[in-house]
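The structure follows.
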Amino acid sequence: QAADAKTSFRIAWSIYVGWMPWGYAADQGIVKKWADKYGLEIEVVQINDYIESINQYTAGGFDGCVMTNMDALTIPAVGGVDSTALIIGDFSNGNDGIVSKTAKDVAGLKGASVNLVELSVSHYLLARALEGAGMAERDLTVVNTSDADLVAVFTSTPDVEHVVTWNPLLAEVLAQPGATKLFDSSQIPGEIIDMMVVNSETLAANPDLGKALTGAWYETMALMTGDAPAAIEARTAMAKASGTDLAGFDAQLASTRLFDQAADAVAFTLSPDLATTMDHVRKFSADHGLLQGGVDQVGIELPGGQQLGDPSNLKLRFTEAYMKLAADGAL
Amino acid sequence: MATARRFINRRPQRGSGLLLAAAPFVALILLYLIGSDMRLSANPGDKLLPAPSSFVEAISALALQADPRSGNYLFWTDTAASLLRLGLGVAIAALLGLVFGLAIGLFPYAGALLDPLMAVLSMIPPLAILPILFILFGLGELAKVVLIVIGIAPFLIRDVAFRARELPEELLIKAQTLGASSWQILLRVAGPMILPRLIGGIRLALGPAWLFLIAGEAIAATEGLGYRIFLVRRFLAMDVILPYVAWITLLAFLMDLALARWSRARFAWAAGR
Amino acid sequence: MSQITVEQLWKAYGDRSVLERINLEVASGSFVTLVGASGCGKTTFLRLLLGQEAPTRGRLLLDGAPLPAEPGPDRGIVFQRYSVYPHLSVLENVVLGLEFRAARWLGRLRGPARRQAFEAGEAMLAQVGLEAVRDAAPTALSGGMQQRLAIAQALILKPRILLLDEPFGALDPGIRADMHGLIRKLWHETRMTVFMVTHDISEAFALGSRILTFDKVRRDPHAPEAYGATVTYDLQGRHRLPLAEEAPPCAAA
Amino acid sequence: MATARRFINRRPQRGSGLLLAAAPFVALILLYLIGSDMRLSANPGDKLLPAPSSFVEAISALALQADPRSGNYLFWTDTAASLLRLGLGVAIAALLGLVFGLAIGLFPYAGALLDPLMAVLSMIPPLAILPILFILFGLGELAKVVLIVIGIAPFLIRDVAFRARELPEELLIKAQTLGASSWQILLRVAGPMILPRLIGGIRLALGPAWLFLIAGEAIAATEGLGYRIFLVRRFLAMDVILPYVAWITLLAFLMDLALARWSRARFAWAAGR
Amino acid sequence: MSQITVEQLWKAYGDRSVLERINLEVASGSFVTLVGASGCGKTTFLRLLLGQEAPTRGRLLLDGAPLPAEPGPDRGIVFQRYSVYPHLSVLENVVLGLEFRAARWLGRLRGPARRQAFEAGEAMLAQVGLEAVRDAAPTALSGGMQQRLAIAQALILKPRILLLDEPFGALDPGIRADMHGLIRKLWHETRMTVFMVTHDISEAFALGSRILTFDKVRRDPHAPEAYGATVTYDLQGRHRLPLAEEAPPCAAA
């Protein structure tokens, strides 16, 4: 395999509350420390545009990339790149939400236009919210809107009344007088998962890459949580880098279930709920043409050998192995 | 005798000229096919350089089958939506170009008032002020049309103004000796004489117009060629993106050709210029 | 009816004097030809007569009243080139002046007024021998035909003064002779006052009832631009002098 | 006497001309101040039209205080990064324009080979192929420079080719009678004679070049004027966006001016054309 | 040394015959002037001599061998306009031919070779009276000076044949006389064969040792383009005929 005997790797990340630790870990030399420990070189690259970072990963430009569980399925896995969710960093617990200027509940969206990034987790969140309210997507109009402009259009354009978005944009949107949150991801806990995904072949050939990344991640987790001055300083730096302040960042963290303990992440990965979630996700993807071969087009492997979809086309794998090493202090 | 002639004096024959013209295209296609084959044999799921058959499939799915969600034939609704926006934007910009350009170029007072403003406006990158546009014009069709107008109108205005100043002074003087008022000169002399140049300006502006259309559609839309490209970019669907790019290129090419033809037929007198 | 008086006329562009101390009385109905080396200010003099430029000093009077300060239908002009509108047909070019006069807002006539104007235009075209090409585009005409059209266009409003700036300079010798006949005929018929600039001395003498030569009389070798040209010879027509040899060129070759 | 003159013949005096030129700018500033005041008095937290003092604060924070994270003065590192990319992209495109444009315009064989290709390439909207570019050229500096090159090189090439064909044939013939080879004609006649036109073409291409720079930086960068605008756009930080837009406009304006001046000084012989 | 033979020369563009059945022997060292109405093919004839166009039928021989099929340093040319390079100084314009000859790759000389070439250039400039403006830009020169420069530029390579296409057509009468003196002097000195097109009959007779008039002898009223022009008169110099009156123009006015 081409992935053999590599010692230098490139990892991409983009700005989001659950991924800011990667930037901090790179800036502080934590990644370098762990890479050195395993005799590797790891370059951590920040990319403005989230989708572009995943596309680059899918095209082979990076060995690993941060993304959500849904995007991991619909972009690299569908694109034939066998990917492994190395670290489950967090799940959105209110970080994604539906906000409206006029409607009071999800049912009030009937017939309206909703602005969101189409085919993203926002779209998924809306679909799940509608399902809960006994509606379907055809009951309203989805307007694809770039995430960079959602805040601007919601706060300033009268014809944009309802948006679905994520933090920190969600906080900006909610700060608008008269804005109501109709639904958020805390009502579907554990379904929008943020993770570090690496190429399965690369990982198989270089397990040390997984160890180094996992080690760096949990060291950063330990550093940034709590009220110690070092933790405050770390979170302040992350806040600044994502364009907000400590209070804003902490507010975002509050609506994120960050697995700062590796053991919690292992438990989450092993729970049977993960299979249910992925089933929801793949059904949504198939409904929206992202899995053109049907729900079963891509095989998903879960810990403990459970599989969803086509077993001969396993492209997305969840594993607790590396997080477990961290939990056991074996790195 | 012809063998030793300078390269600058050597012209290809008709047939070999056509062959030469086709060569780079054939080379590009071959290059693509080889690249695609290489990537696909390494990873059959690869989406970056799909096989030609995938293009056919993807486009026939969009063009010949109704979308189950909306019941539309997406390829055609995308095309219609984009062409409408483009047409409106270009038409409005052309009108502004004609009116303001003529005024600035012909009337020294109008020039003194608006020339520096236009010079500055034409330097503002429209993409940087997108948020302001949305705020002023909303997120609907209007904003997309306005983006095109803002993107190309300053150029057209300045181009027309420049050309109006280039009109042979003799013809303007002569009109005055024929008793024409400023308004009549505008209407019957400068206006008609500038039209072929306006068409030329529009042809130059079509490229940027497409650019702004795509940028506008990338930001907020429910249909359109640019919308589709940026939407399917989410899952790297090059089997849709590449045919769409080819289609846009073809449309742009046909528009350019049509304008050139029409201008030559309608303004035959301006041909030699 | 169209007597021109030039009093102490002086024209300078910035520091550069072009014309100085010109005094003239031109009787109504004269055919004045203007000759002189290149750069001597002949065109400038025509522009002053036209009202396209204002004199720096001195006055220009038409029948005793100051000349209007901008071009108008009382003074027609024909240039060496660019005298006809390429976007209009031959007939439309001729009719243009009538349309400007009658249709203040649209600049375009309709109905019977239009028919009448176009008939007048055809009559004018017949006079210059262009009736056969009335629907052609001017760009399809030869140089000589274009100049005939330009003259017809200028004459349709019956200007009191006709200004011609080297109107035949770009034409072939043979065609030029035809044009001489035509312009003389039209001048005889209309009795307007004509000013015509030419580089061709024999043309000046063949046509002019009065010939003016422009030249610098004062020269400062250290500041060649300090002084302007003035009228050095004022001759009656049909009277020949080997002027070209006598008058040194104004501009350095 | 001057009262009744046609509008087309009336010119403003020097002083009133300056006043006229300033008027639209003053009007725009006033309009902004009023709008800002209205919105701020309704909602003091409004971010859309910040008060002028906010601009000063935001920009002095970026320009005069080092960023604690990186120790850089962001405003200046942004400017330097963008100018470098722009300069590189434009320089490469200009070189391509000169080389290929001259070849196409001067040598019939090169024209037959490349002219149709360029016509098609120039019609492809570069924004539509952004995803492809990033994948081909990565997300580093290269991709951003390439985007600019791809965006403006076809225009420059075609412009130079067009102008090369417009060179007076007599001068090319004369060079041949002076014994020049094709190569010598290129080097000593056509090349130097096309340079001022190339500068003119670059001036026209600067607008699009800024556009592509901003579009490229919006997607992948860690610094740059376009990057900053798109980063803070998420938070509607108009107090940063508007000064950045003004700064970009100023930079573009100065570049245009510098090129015009330089061209006039260096290529005085081409002034009258 | 540079004898030109024209045998049954025939030139057509598509269906349009421009020149037909031209047969000529021109002795080395002749000064041939070509006259004829506009559109009669004079320029076309020069282009054939230059090698810029190929004959449709017939042959052109230089000292018995076919003329090279493209322009080269054996045949110099001066056009009515656009004859000098605006981006080079006056001296650089003259030296250009020497640089092309000696510096195959750079087209630019260095060191002593350069000094030598520039000295030759200055000597050439002195011959045409331009030594005072050697460092000026050609755009700053008057029309007459530009034509002198163009002639100097063409002569520096000592071409065996010099072709002139209305070289003085755009000049003032006074300056034109100067140029006649100059060209006659240079012709006397170099003894090259000169072909000069002119519209001015007196110029043709003043300068030419041989005068050729071009005109159509066959005309088909239904297909005016069917026949081309040929040499209708072949006269020795210093012999005058009122040619302009006799030969009707080829192109309709």
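All chains are identified by letter, namely A, B, C, D and E, in their written order; residue positions are counted from 1 within each chain.
As a working rule, a contact is a pair of C-beta atoms (placed from the backbone, for glycine too) under 8 Å apart; a residue touches a chain by one contact, two chains touch by 3 or more.
Keep in mind the model is a prediction, meaning the values are calculated, not measured.
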To reach chain B from chain A by way of touching chains, what is the minimum number of steps?
-> 1
Farthest chain relative to chain E (centres taken as mean CA coordinates) = A
Skim through the chains and flag the pair connected by the most C-beta pairs in contact.
-> B-D
Centre-of-Cα separation between chain D and chain C, whole angstrom | 47
Could you tell me the distance, in whole angstrom, between the mean C-alpha positions of chain C and chain E?
-> 35
For chain D, what residues touch not just one other chain but two or more?
-> 6, 9, 48, 131, 135, 176, 181, 218, 233, 236
Which chain E residues reach two or more other chains?
-> 70
Any chance you could list the residues of chain A touching two or more other chains?
-> 55, 59, 148-149, 152, 156
Full set of chain pairs in contact is A-B, A-D, B-C, B-D, B-E, C-D, C-E, D-E
Chain D residues within the chain C interface of the complex = 1-2, 5-6, 9
Over in the complex, which chain B residues touch chain C? Could you list them?
-> 168, 170-171, 173-181, 183-184, 187-189, 192-193, 267-270, 272
Complex interface listing, chain B residues touching chain A = 43-48, 69, 130-131, 134-135, 138-140, 218-222, 227, 230-231, 233-236
How about chain A: which of its residues touch chain B in the complex?
-> 51, 55, 58-59, 71, 74-75, 78-81, 115, 118-120, 137-138, 141-146, 148-149, 152-153, 156-160, 290, 313, 315
Chain C-facing residues of chain E, complex = 37-38, 142-145, 172-175, 178, 199, 244, 248-249, 251-253
